[in-house]
Structures are given as structure tokens and as C-alpha cells.
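Have a look at these structures, which come just after this line.
Here subunit A shows up in two complexes: once beside subunit B, once beside subunit C.
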Partner chain A sequence: MELISLIILVIFIVAGGVCIGGGVHFIPVGGAPAAMSTATGVGTGTAMLAAGAGLTGLITAASMTGQAWYLVALAGAVGAMLMMGITMLIANFVYIFGVGIVPASSKASIDPITKLDQDPYKTPGTEGHGVPTVCFVSGIIGALLGGAGGGLVYYAVDSFASASTVLSGVDATAAAGLAAIVSVGIFFINSVAASYNIGGTIEGFHDPKFKRIPKGILASAIMSLVAAIFVILMLGGI
Partner chain B sequence: MAESNLLNQNNLLILGIVGGLIGIYLSGLSTIGGLISCLGGICAIVWGADAIRRVASYGLGTGVPSIGYMSLGIATVGSIAGLTAVLAFPALGGLAIAAPILGLIFTMIIGACMGLVAVKIIGMKIPIMVRCTVEIAGAASLSILAFSSAVAGGFAAADILNYVVAPGFIALFYIMNCMAIQHPYNACLGPNEEQTRTLKCAASTAFLAMTITGIIALSHAGVVPAILILIVGLCGWYVSFKAFLKASYEAAASVKWTGLWPKVEE
Partner chain C sequence: MDPVTLGVVALMGAAATIAGAAEDLESDIGSQSNPNSQVQLAPQMGHLHRMINKAASGEPVSYGVWCGTAGAIAALAISAGIIPVVAIAMGSTVAAFVHAIYTVTSHLGRIVGQSQFEQPLFMDVLTQSLGPIAAHGFIASFGIVGMSYLMTLPLDGLGHPFPLPLLAMLWGITIGAIGSSTGDVHYGSESEYQKFEYGGGTPVAIQGDIVTKAPTGAKNSIDVGNFCAKYGGPLTGFCFGLIVFVSFWITLVFGTVPGQIVGIVIIVLLILGNMYLEKFARTKFGPYEE
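Moving on to the complex of A and B:
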């Protein structure tokens, strides 16, 4: 493997990791309080939301194996956005028709997108509830970044593994399997690093916690670089 | 909570590393190799569950499962890198016998980087973050390698790529071992959480994972070794889960009789 393709591999993995880590900051993660409808967002942790959307993105990205890198990344983005949209929509159905609350943000008094008042609809003593429009849009942007990032990592590892001599004597599907599991691993490393950075819960790009994104991106970039070095050790080529 | 530990963390670390490595190295034996390998994986899972218990008692803010998923991510990258590095770099060819140790070391290096990033860049205020991330990732690596070797009948990189990675069993091991390592503390956390009860739960989840490994092992390892793993896994699960239930009832009864939480918290 030439030096230039190694550099491209590292750039793809780091760019993908940064997209994943940055994307997580957009996703409305509510955690345990949201599961009781006392905080805005989907009622589960970052790891679960990222797993749901990210793994769907990886499946759609893998369906584009062999295509150009931007097609793989786009396919990943579409899959992740669909899954995240469905998750937030169904969560809203449960919150609205099951729990009986109105989606309302606590971090913005007026929804930046619909310009609707939020404060009068917020139950006193809660941190908002449901998934209001601004959180929904933010979540879709986050899934776009996360899915595209996962797709980029998959593309990089898959094209590297297919060309590697390490896999010359083994089953042809091993390259795709290896690329899939390594990109899942890198996906989780970056999404949990981002999740540590936001301290568990965030509403979306209008949340004050969103200002922490530079640190999260730096953390993701460093961890992706470390992972990329070990991917090179795994598949050889220096 | 540290004062209520009956088992020392260093002893558990030694149990995990030594037990796990012995299991992986004996996985090539005929008939009982897979069984020994799976038992090594169980040592590693119990060690990992204890490390999760120590770090998550500080409150990660992101839920207990997150660190489990992350550690398994680190472990899959590191352990596969350790196995195939000897193939990828002819200069390392003489180290083929040390591949599992190399995998463990690689995983622990990535884990240390992650711990340092979490503490230095993100600014998490957990003093044992680095040590515990390294430990959980190491445990995850040994458990993945042990179960994979049991299925592939040895730790040769080509076998594991052919019989574990190519059919996608590695993804199952990823999620299954993550559940086995993170679930015990996630299930037991609370005011009267205690180490022995959590580790009994860890043993039961580990044996359950071993039972499933037995079913997977039917694909390549042969019928007798696979059935052996399956039966020992089921028996181990029955014994450990019964012990866990008994411990839970005992702890629950002390609440029921007095109506107050036992004085073990902080």
C-alpha cells in the first residue's frame, strides 16, 4: 500500500469520526428524565440512540459497498436520518397520545424554527418534554452527520481491507465483516466520547451545552486518529 | 462504596488476565479446548464487571451501558489488530504465538488514550477513569478473543477471520459480551449494591453468553466440543443465577423486615 492511500485512509477515518462525534451533539438525548417525560428529547441514552441510527446507517452504507465514497457516505446518512426520524416520531406519538403532554423545549422560550411559544406549555418543575420541532430538525441534522461519518469510516476500512494482503487467504466476506465491525467500534468510541462531553443529555443545537462542541470534536479527532493507527497495524501496508 | 469490597480489585485483575490468557492459549486442545477457552472468557467478564462497578459508581452521567459499548468498540479494534498484525508485518512473524497478548496490549493502549482524552480534554472528574477504562477494555478484549477462539478452535488469525469475522459472529460477540460486562452493575446499582451480589450476576450473564457461544460453536468447532460448552454454560448459569437470586432475596429481606435501607450507602 502506498503512502498516499494510507494518508487518505487516516483522513477518511478521522473525518468520519469527527462527523460522528459532532453529529451526536445535535441529537436530542433525554436520558432517564425524558423516559418519564420530565425532560425534552428521546428517553434513552446517547449510546442507544447512536446505536439505533448509526447501525441502520452502517447497513445502508454497506449496501453501497464498491461505490464511490460520497455514495457510501450519503447512503449511510439517509439510513441514519430515516431511523432517527422514525425514533423521534414514534417517541412523540408515545409522549403526546400515551403520556398526554405537549412537546415543549425548556432551553428556548420561542422555538427558533416555528416561532411558537414554548414556556406556557412547559409543565412546572420539568425540563420540558417530548420532541419539539427544533429538536426534531436538530436530530435529523445529527443523524445526517453521524450516518455520513459512519459511512466514511466503513468505506475507508472496506477499501483498505479489500486491498490488504492479510485477507488474501481467507473468505472474501471477511473484508466486509471486518470493515463493518471496525466501523461499529469506531462509531461507539466517538459517540460515547461525545456523550461524555455533553454530560449525558442535550436538546439540540439551541441548547447552551452545544457550545461544548469544539472539545467534543477534538476528542473525537484524537480517538479516531488512534483507531486509524491500529487499523493500519491490523491490515498492514507500511 | 470501595470499603464494602470483599474481593480486592488487583486479585480480580489477575484472575481476569491470567484466566483469560490461559483459556485462549489452551483453546487449541481437542474436545475440551473450547470449554477451557470459554471459562477463561468468564474470568475476563467477571473482572470487567467489577471494573465497570468501580467506575460507574462515580456516576458517568451517560448511563452505565455507554462505557461498556465504548470498551467493546476499543476491544474489537485492538484485539483484531493484535491477531492480524503478525500477518500484516512479516517482521513480527516470530510473535505469532504472542498474538492474544499483543491484542490485549493494543486494546489497553487505545483504552488508556480514551481514558486520558476523557479526563484531560473533556474534563471528566473521575479519578479512576483511566485505570478503569483500560481494565474494562482489556476484559472486553480477552472475552472476545476467548469466545472467538472457542468457536474457531484456536487463536490463529486466519481461523478467527474465516469462522468468526466472515460469518458475522463477531458482531454478536460485540453486543453479547457488552451486555455480560455492563448489565450486572446496571441491574444491581443502587443504595445497597454490594460487590459479591453484582459479581454473582456477572457470573450468570457470563455463563449465559457462554451458552450462546456453545450454540455458535456448532458451526465450526464440532458437535462434541460445542455441546460440552453448551451444557457447562447452562449448568454454570443455573448455579450462578440461583446464587444471585438468593443474594437478592437476602438483601431484600433485610429491607422488608426493618422498613429501612441498610446502612451501607456512603
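Moving on to the complex of A and C:
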């Protein structure tokens, strides 16, 4: 294996990991309180929603196997954004018509995008509810980064596995499957670490917790670098 | 654009819709997702209940396991020469058995943990809910593995490179995340707190004060399924079906690169649709009075 191929592999995995780790900070998750309409955001866990969107992106990215890296990353980003956008819109349908509440943020008294007041529409005793526009846009940005990052990691590992002498003679499905498993692993490593950095719930880029993103990105870069070394050892042989 | 492939993608969307609805109703009956926190909290607040609580694992991960198991058995059976529809049913049956074992052990564990608050373990609740939970889980696994199998068919525009068990596991994790984010809100915010006035979130002060009575007798998990089947479940199915269909429809109809541009246009429309929905809700409901 040429040195330049190894360097490109490491760069793609670290860049993908940083995109995933950074992207998770944008996704508006309210966890269990949001499922009871007690907090703003989508009513599930940070890592799980990010993984759901990222894995949809991974499946659409893999449909582009054999194409240029930027097309694989773009397909991943579009797939993840579609999943996140449709899920947040349908969640709002449940909040508005099923529970009878108005989406309202608790971290911004005025929505920075629509300029609409938030406080009068919050149920007294809650931390807001639903997915207001600012959270929606933040979630789309998070899915874009997560999907593109997953696509980059998949492209790099698939290219490396296909050219690896360790896997010579194995059919292309096995290489794609191996690349997918490694991508899912790197996705979970980065999204779980990011959710620890967030520490519970976050509304998106307007949330004060979003300021923790530099530490999260640094941690993602270090973890992805270590993961990349293990990928080289696994697929390239020692 | 090959009309046969388009038909297969439509069939994938239909399978995903049915699977999504079944998945949400199963997780509602079993309190698998975030609303389980209220079922767990209720005895501490003095509200003994007859609800199933099997949230020993998150919904996405557990559905990844059921669908991955079903996909692996189905792939094995297909490679042995069994016709795909029977092979997928075999895989889903094995997954339903695994699901039932998980339900029994996790429910017993969680309820026994509440015995210090005088919460009894009702064996009739467990036996009457086990069938609906395993059956809904079977439908969800069958739909997802069936949809994953269709994705791997060697048709123009399809022929996904991932093996069947891996695809089934990935879609299983995704449907778990979607069901947890959409339909389960109907259970957590409305079904559990139906005795409070419609049109508000759940204040922290009333958390754990869940509904324990039904029109006749004590409320149980089957009542939750009946309630959520009217809105949360179908909407979850619609959400997942739409994601699966649109993800493949864009590249199939418009091509590789133009398909991505159409995807971005759809995302912009989703943002605008959400803004319209938010403004509609404000106009319709108005602010809370001080």
C-alpha cells in the first residue's frame, strides 16, 4: 500500500469524524422531556437521532459506490437531511395536531430566523416544546454534516478495502459491508462522544451549550485518528 | 427511468409505511421509548399501574437487533434455496421469538425494581400484551427486511452494495429513531396525560401522574395501542415510508447528480413547510394567558 493512499485514508476518516462530531451539536434533541412536551426539540436521544439520520445518509451514500468522493459525500448529506427534515416535520404534526401545542424555543426569546416571539407560546411549567424554525434549520445543518461525514468515511474505507491485498479474492459485497460496519462504528464513536459533550439536551446553534463545540471537534479528531490507525491495521495487515 | 424499478421503489415505500406504523404501536404498547420514564416514575408518585415497561434498551438499538436477526436468518434461508417471501417470514418469526424473550425479561426486571414502591407484577398484563408486542414486532421486521431485500435486487437504479442483514440492521436503527422521535410523542404527551386539558405540554410538576384508569376498569398497555393507532402510529408509518421512497425516487427519476439537487429543493420546501405549520399553529391556538 502506498504511503499517499494511507495519508488520504487518514485525512478522510478524520475529516468525516470531525463532520459527524460537529454535526451532532447542531441537532435539536430534547430527550425524554421532549417526548412529554416538556422540553424543545425532537423527543429522542442525541446519539440515536444522529445515528438514524447518519445511517440513512450512509445507505444513500453507498448507492453511489464507484463515484467520486464528493458525490458520495453529497448523496450522504442529502439522504441524512431528508431523513432529519421529514422526521422533524412529522414530529411537529404530532406536537401541533396530536398534543395541541405551538412549537416554542426556551433558549431564544425571539426566533433568530422568523423573528417570532417564543415565550408567550410556552406552556407554563415547561422548557418549551416542539421544533421551531431555528431548531429545524439547525437540525438540517447537523444532518448535512453528519451525512457528509459518514459518506466520506465510507468512501475512504471502501476504496481502501477494495484495494487491500489482505482482502484480495473477496467479493465486492464483503468490502462494501466491511466499509459500512467501520463507518457505522466511527459514526457511533463520534456521536456518543458528542452527546457526552452536550450533556443531555440541546436546541441547536442558538443554545448556550453549542459553545462547547470546539472541545467536541477536537475530541472527534483525536478519536477518529486513533480509529483510522486501527482501520489501517485491520484492512492493510500489520 | 425504468418503470419496473419505480414500481419496486413504490413497493419499498409501502412496506416501510406498514413497518413504521407497526413499530410505533409496538413501542407504545411496550413503553419502549422515552415515555417509559413516566411509567417508571408513576409508582414513586403513588400511581400503581398495569402498563408494560420493557425499556431496558433504546428503541433504535433494539430494532437494529430484531431486524438484523430477521435479515440474517432470511439471507441464510435464501442462500439455501428457499423462496424470498418465505425466507423473510422465517427470519421475522425468529426475531419475534427473540423479541418476546426480551420483553418478558426486561419487563420483569423493570417492574421488580419498583417493588419498593408497592408496584405489583401483574402476570396477566404480561401474558395479554406479549402477543400484540411480538405480532407488531413481526410485521415491522417483515416490512423492513422485505424492503431491504427489494433494495438489493439487481435492477437498474437499485442493486444496493450492502448485504441484506446489514441493510436490515441499518434500517432497523433508523426506524427506531424515527418511531422514537414522532409517534412516541403522541403516547408520552397525550395518552399518558389524557386526564389533563388538551392543548398544553406536560409541566414538570405533574410528571409521573399518568392516567391509570380506562373507560372500563384499569388502563393497560392495549388501551395505549388503541389510542395511538388513531394518530401517532399511522403518522410514523407515513414518515418512514416517505423517507424511504423520496431517498430513492430522486436519483431514480432525475439521475445521479440532478437527483441530489432535487433532494436539496425538497429539503428547502420542508423548511418552508415547517415555517408555515408553525405560523398556522400560532394563529390557530394563540399564546397562553398569564
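By definition in this document, the second predicted complex is superposed on the first by the 236 of 238 C-alpha atoms of A that agree within 3 Å, B and C clash if a C-alpha of one lies under 4 Å from a C-alpha of the other, contacts with A are read in each partner's own complex, and residues count from 1 in each chain.
The rule is simple: contacts are C-beta pairs under 8 Å (C-beta built on N, C-alpha and C of every residue); 3 or more make two chains touch, one makes a residue touch a chain.
This is a predicted model, so every value here is computed, not measured.
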### Message
Quick check on the superposed pair: does A:226 touch subunit B, subunit C, both, or neither? Answer first, second, both or neither.
### Response
first
### Summary
Per residue count on subunit A, the busier partner among subunit B and subunit C is C
### Query
Should A:187 be classified as contacting the first partner (subunit B), the second (subunit C), both, or neither?
first
### Task
Could you say whether A:177 touches subunit B, subunit C, both of them, or neither, answering first, second, both or neither?
both
### Task
Please work out whether A:51 is in contact with subunit B alone, subunit C alone, both, or neither, and reply first, second, both or neither.
both
### Task
Name the contact category of A:196: first (subunit B only), second (subunit C only), both, or neither.
first
### Task
Using the superposition on chain A described above, determine whether A:73 touches subunit B (first), subunit C (second), both, or neither.
neither
### Message
With both complexes overlaid on chain A, does A:217 touch subunit B (first), subunit C (second), both or neither?
### Response
neither
### Query
Of the two partner chains, subunit B (first) and subunit C (second), which one does A:35 touch, if any: first, second, both, or neither?
second
### Query
Thinking of the overlay built on chain A, is A:14 touched by subunit B (first), by subunit C (second), by both, or by neither?
neither
### Task
Please identify the positions on subunit A that touch both subunit B and subunit C, taking each partner from its own complex.
31-32, 45, 48, 51, 173, 177, 180-181, 184
### Message
For the complex, give me every residue of subunit A touching subunit C.
### Response
31-32, 34-38, 42-45, 48-49, 51-53, 55-56, 58-60, 62-65, 67, 71, 74-75, 78-79, 81-83, 85-103, 114, 116-117, 120-126, 128-133, 136-137, 140, 172-173, 176-177, 180-181, 184
### Summary
Per the touch rule, the subunit B residues reaching subunit A in their complex are 60-63, 65-67, 69-70, 72-78, 80-81, 84-85, 87-89, 106, 110, 113-114, 117-118, 121-124, 157-158, 161-162, 165-168, 170-171, 174
### Complex contacts: residues of subunit C adjacent to subunit A
33-35, 37-38, 58-61, 160-163, 166-167, 170-171, 173-174, 176-178, 180-186, 188-190, 192-193, 198-207, 231-232, 235-236, 238-239, 242-243, 246-248, 250-251, 256-257, 260, 263-264, 266-267, 270-271, 273-275, 277-282, 285, 287-288
### Message
Please output the residues of subunit A touching subunit B within their complex, sorted ascending.
### Response
31-32, 45-48, 51, 164-167, 169-171, 173-174, 177-178, 180-182, 184-189, 192-193, 195-197, 199-200, 215-216, 218-219, 222-223, 226-227, 230-231, 233-238
